[in-house]
Structures are given as C-alpha cells and as structure tokens.
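Both of the next two complexes hold subunit A, though its partner changes from subunit B to subunit C.
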Partner chain A sequence: MTGLRYVYAVCRPFGAALQSQLTGLGGDPPRLLTHHGLIAVVSHVPERDFAEAPLRAHLEDLEWLTATARTHQLVIDALTAVTTPLPLRLGTVFRDDSGVRTMMEAREDDFHRILDRVQGRVEWGVKVYAESEKHEQEPARPAQPASGRDYLRLRRQQTRATEDSWQKAESFATRIHDMLSAHAEDSRLHAPQNATLSGAPGRNVLNAAYLVPRTASEEFVELVDRMKDDTPGMRVELTGPWAAYSFTQLSDSEEERP
Partner chain B sequence: MSMPSRLPDPYGQGSGANLADILERVLDKGIVIAGDIRINLLDIELLTIKLRLIVASVDKAKEMGIDWWEDDPALSTKARRDELSRENAELRERLARLEELEPRRAQEEGS
Partner chain C sequence: MTVIERREVALVDLLDRLLAGGVVITGDITLRIADVDLVRIDLNALISSVNAQVPSPWGD
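== the complex of A and B ==
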C-alpha cells in the first residue's frame, strides 16, 4: 500500500529546488507531480489518518488540526519562496497519482487563469486593533455619584466616550484600508478575528488581505510601517508574505470587476 | 522562468502569525477542490472548529490576562447583570437616604 495523496498546491514548473529538509504531512517530503504544464505538490499520507472517517475525526481534534494546518502552511511557504503557488484548502486528498492527474486536467483552465492573475504576487495581511481604553476612562468615574443627575450625566459621558472611540477606530481602519488598497492590485476584507481565538489584545476592527506584486512589496511594507505609529490607541499588525490564499476565488473576483 | 525578486523578510510568520491567521487561510481560503476523500470542511469549519477553538482558548487567554470582555457589558451577560445590580443597589441606597431626610413625606407617599 502506498497510501493516499494529499495535495497542498498547484503551480507552474519552477527552476529552483525546494528546501531540502522540508517535511510534509505524514513525514513525507513534498513531491512534484507534473501533468501538462502544471505541477501538483503532493505528499503520500497514510490511510489511517487521511481516509474519510479518520480525517473527519481528526478535524475535530484541535491539536491534530493545528499541527496539520501548520505543516500545510510550511509547505506553501517553502513554495512561495521559489514560485507562485496556488494553495489548495486543507484536506484535499486523492486515492492515487492518477486521481490527482484527472483533477488537474479537469481544472486546467481554471488553474491557469488564477495563476495568471496571482503570478509574481504575494498576499500581505494587515490587521488593525483598537486597544482597550477602559483604563483611561476609569479614573473619570467617581466612586459615588453625588446625585441622580450626576449619575446620569456620567453615564451619558461614558456612552459618548465609547461611541467616540468606536468612531475613531472605524475611521482609522477605513483610512488605512483605502490607502493600502491604492497600493495593492486587489484586496479582501475578512471577518474580524475573535480575541479569544487570536490571543491578541484589543478589538480587531480591520482584518484585510492585499495582493501585491513582489517587486512592490518592500514599498508596501514600508507604507504599513509608517502607519503603525500614526494614531494613538490603534495597533497595526502586518503578516506575510503569504501565498495568495485570499485571491483564489476566480469567479468571485471576475464578477466584481466591471 | 525567472526567479522571483527579493522579498522583504517575513513579518510575523511562524511564531508571530497567530494560529487564527493560519487557520483562517488554510481552512477558509485557498482553492476548493473535491478530492476522492469527500470531506466537507464547511460542515466542520464554521461551527465546530471555531466554537472549539474559542472554548479551548478562553482559559489560555485568561492565563495571559486577556479577560477584558468579561467586564464589557456589550460582550458579557455576566458584566451586564453585574452592572444592573450595581445600578439597582446605588438607586436603592439613594432612595433610602432620601427617605431618611423626609420621613413624613415618604410615609405619606408610601400609604
């Protein structure tokens, strides 16, 4: 038994070698499966983990899922260093090489079209957090309001302060998104991250991805850096360069464009 | 094929990119292809995984001192309850003080 085929990505043939110590899922170094002008990057994985029932069970297991997602991302990352990969969603598994080839043939046109669009480009992730202003507001509230009227006035002030900080965060997020979009070929807004999930302090008010040519990346990074200290109470975080994960929905973006 | 041009050093990748950044991309983005092994990530992804992650990481977040949402009435029903009962107590106390100042009038109104 040779196991199943886990596909990480599809890309065009590239000249450079992958990192030699790169280990994929199941401890298997990623292999390159060439079919027509495309390459599928594949690991041989055991049925006991990747057949339907065990895979379904594993996906409910946070530790397994985390390790698998990290390995998947490591392989995509290694590919991004040498070419422009088209990342597949986690858990794309075929019975054998011929299953992979059949899929590549069926989706050949799509792959070429998306690859044309992302070729030579990377994705940068930018998140903006409004840092909690709780501590700044606290001293303004006396322990005991002197009268009912005082009490109501304080309540109104607090509500207004919350609205103000929300508005400030929104306008900052809009401003940074507009500016970065102007320096990117495409952008996507993702749902804000849950603080408990990301472990990041503050409220995530912008979670965006930008498609940027490699050649323009240095400039893009500098632009983000300059915005970092722009507004007190706002934190800007940059991640990347990622493979163009957020820009693989072909039909979607084509509909958006006039 | 030409080599890709130089990229700035990775930002926050590896240790810095948080788990949410990675899962968000690997599970939610990327091209969807039906493999031979039929797994519908949507079945699991949006509900189970996210819920589990949130549940699993609440304790960890608390350890790290990230618990501000517990005091935020907009995010926590407990904080909302606490705030209401605090307001209630304050109002009751103030009422009692007023009644002490004007015992007769309070009595008349009470009857």
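== the complex of A and C ==
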C-alpha cells in the first residue's frame, strides 16, 4: 500500500521544473502525473490521515485544516510560477493513480475549457468593510428620554443613522464592484466574512474575486488603490494575485453559491 | 509581478478559495467511494460553519 493520492491541481504540460525544495502534504514532494495532454499534480498521502473518516475528522480541526490549506496553497503558488494551474477543491483524494487518470479522462474536455478560460489570468480579491461609526459604538441607552415622545424620536434618529450608514456601505460596495467588474473578465461574490473568523475590524460588505489578465493586473491594482480613499468610513482591502480558485466551475457542477 | 510573497495570506481568504473555490470533481461521491476510488469529502457543512455567526465547533 503506497497511500492515497491527493490532487492539488490539473494543468497543461509545462517546461520549467518545479522548485526542488517543494514539500507537499504528507511530506511528499508533489509529483506530476501525465495523462493525455494534461498533468495532475499529486502527493502520496497516508490513509490514516486522508481516508474518508480521518479526513472528515481532521477537517473539524482548525490547526490541521490551516496547515493543510497552507501546504495546498504553497504547491499552487509554486505551480503558478511556471504555468497556469487549475486548483482543485481542498481534500480531493483518490485511491490510486488509475483513479486519478480515470477522473482526468472523464473531465478532459471540461479541464481544457476552463484552462483556456484562465490561461494567463490571475484572481484578485477585493473586500470592502464598513468601519464602525460613532453612533454604533454609543451605549444602547443614550441620554434618558424625558417622555415617550422623546424616546420615539431618539429611536427614529438611531434607526435612520443605521439605515443611512448601511445604505452608504451598500452603494459604495455596488459602485466599486461595478467598476472593478468592468475591468475584469469575470467576477464572483464570496459570502461576506465573519468578523470573528477574520479578526478584521468593521463589517465586511463585499467579498469579491475578479479574474484579470496578468498583463492588465497593474492597471487593476491601481484602480483599486484609487478607490481606497474615496469614501470615508469605508475600507478596501486587496489580496492576490491568486491562482484562479474562484473561476473553476465545471459545467455540470452544482457549486454555485449565492 | 512578485506580489505573491508580499505577506502571509489570511486564513479566511485562503479558505474562501480552497473550500468554496477550486474544481469540485463530483457531488456526493462519498456514497460511491468503494467503486469510484474517490474519497472526496463534501465540505459544505464546513463552509457553512465558516460562514455562520457562531465561531463553531473548532477554535479551542
């Protein structure tokens, strides 16, 4: 038993060598498994960690998940230096090489189609946060209202202020998304990030990914930079360039998320 | 562009991509593991716990 096969990505044959020190999951240097005109980038991983039950259990373990995600990304980054990889979802594991080949053969057309689409492109992540404003930090009970009417008036003011800031955030996010979409070949909205998980201050109102040609990336980054200081109370964060993780939908997959 | 190593990528950004992006080889394959050689896990449960308001079962 030589273990299971963890597949990081599928790509087209490339000339350059992968960096020699690269270690993948299970301490196994990523191997290239060629099938027809495609290459699967694979590590041999132990069953005790990657068979269905242990993998499922590990995924509940944030420390393990973090280490695995980072290693996966390291391999994708190394590939990005030499080719345009098509990353697979974290935790894609096969029984053996022939299982990987069978999958590649079955998906051959899809892989080529998506590879064509992402060739020479990178993904940029843009997040917009609405910074907490003063009225949100004020104690829930401001100056004691003198009467019921005072109370209602105060409540209305508060509600209006909250609605205003929500509307401002929404319209800023929409504006920046429209603008960036117009400068990208494709875009995808991820679910807003939970502040507890991200540790980022403010409320995440836009969490988007944009597919941009490498050659147009400088311009795209400048565009984001210009919008950064555009509106007080709003914060814009750029991440990337990423491999095109968010633009890999196969035609028959049902992975659309709102 | 040598932007890749600018700084360590935040885990949430990475998980957005690795758990919600990337090619999904097949849907509910876990049912067919025995005959299909494939052990891919359905991570939807995990994604929703990432997105949920609660810090969720992990996090020690």
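The rule we apply is simple: the second predicted complex is superposed on the first by the 237 of 258 C-alpha atoms of A that agree within 3 Å, B and C clash if a C-alpha of one lies under 4 Å from a C-alpha of the other, contacts with A are read in each partner's own complex, and residues count from 1 in each chain.
Just so it is clear, a residue touches a chain if its C-beta (ideal position, glycine included) is under 8 Å from a C-beta of that chain, and two chains touch if they have at least 3 such contacts.
Here the structure is a predicted model, which is why all the values come from computation and not from measurement.
K.L.:
Touch check for A:Ser98: first (subunit B), second (subunit C), both, or neither?
P.N.:
second
K.L.:
Check whether A:Ser181 is in contact with subunit B, with subunit C, with both or with neither, and answer first, second, both or neither.
P.N.:
neither
K.L.:
Between subunit B and subunit C, whom does A:Thr231 touch in the aligned arrangement: first, second, both, or neither?
P.N.:
Neither subunit B nor subunit C is touched by A:Thr231.
K.L.:
One more residue to check, A:Arg70. First (subunit B), second (subunit C), both or neither?
P.N.:
both
K.L.:
Does the superposition put A:Thr23 against subunit B (first), subunit C (second), both, or neither?
P.N.:
neither
K.L.:
Looking at A:Thr83 after the superposition, I want to know if it touches subunit B, subunit C, both of them or none. Which is it: first, second, both, neither?
P.N.:
Only subunit B is touched by A:Thr83; subunit C is not.
K.L.:
In the superposed view, which residues of subunit A touch subunit B and also subunit C?
P.N.:
Of subunit A, residues 4, 10, 50-52, 55-56, 59-60, 62, 65-66, 69-70, 72-73, 77, 86-95, 99, 103, 107, 114, 125, 190, 193-194, 196-198, 214, 217-218, 239-242, 245-246, 248 contact subunit B in one complex and subunit C in the other.
K.L.:
Per the contact definition, I'd like the list of subunit B residues that touch subunit A in the complex.
P.N.:
Residues in contact with subunit A: 1, 3-8, 10-13, 16-33, 35-39, 41, 44, 48-50, 52-54, 56-58, 60-61, 64, 66, 68-69, 71, 90-91, 94.
K.L.:
Going by the contact rule set out above, which residues of subunit A touch subunit B in the complex?
P.N.:
4, 7, 10, 12-16, 50-52, 55-56, 59-60, 62, 65-66, 69-70, 72-73, 77, 81-84, 86-95, 99, 103, 107, 114, 120, 122, 124-125, 132, 134, 144-145, 148, 151, 190, 193-201, 214-215, 217-218, 221, 237-242, 245-246, 248-249
K.L.:
Which stretch or stretches of subunit A touch subunit C in the complex?
P.N.:
For this pair, the touching residues of subunit A are 4, 10, 50-52, 55-56, 59-62, 65-66, 69-70, 72-73, 77, 80, 86-96, 98-99, 102-103, 107, 111, 114, 123, 125, 188, 190-191, 193-194, 196-198, 207, 209, 214, 217-218, 239-242, 245-248, 250, 253-255, 257.
K.L.:
Touching subunit A in the complex: which residues of subunit C?
P.N.:
Residues 1, 3-4, 9-25, 27, 30, 33, 36-41, 43, 46, 50-53, 55, 57-60 of subunit C touch subunit A in their complex.
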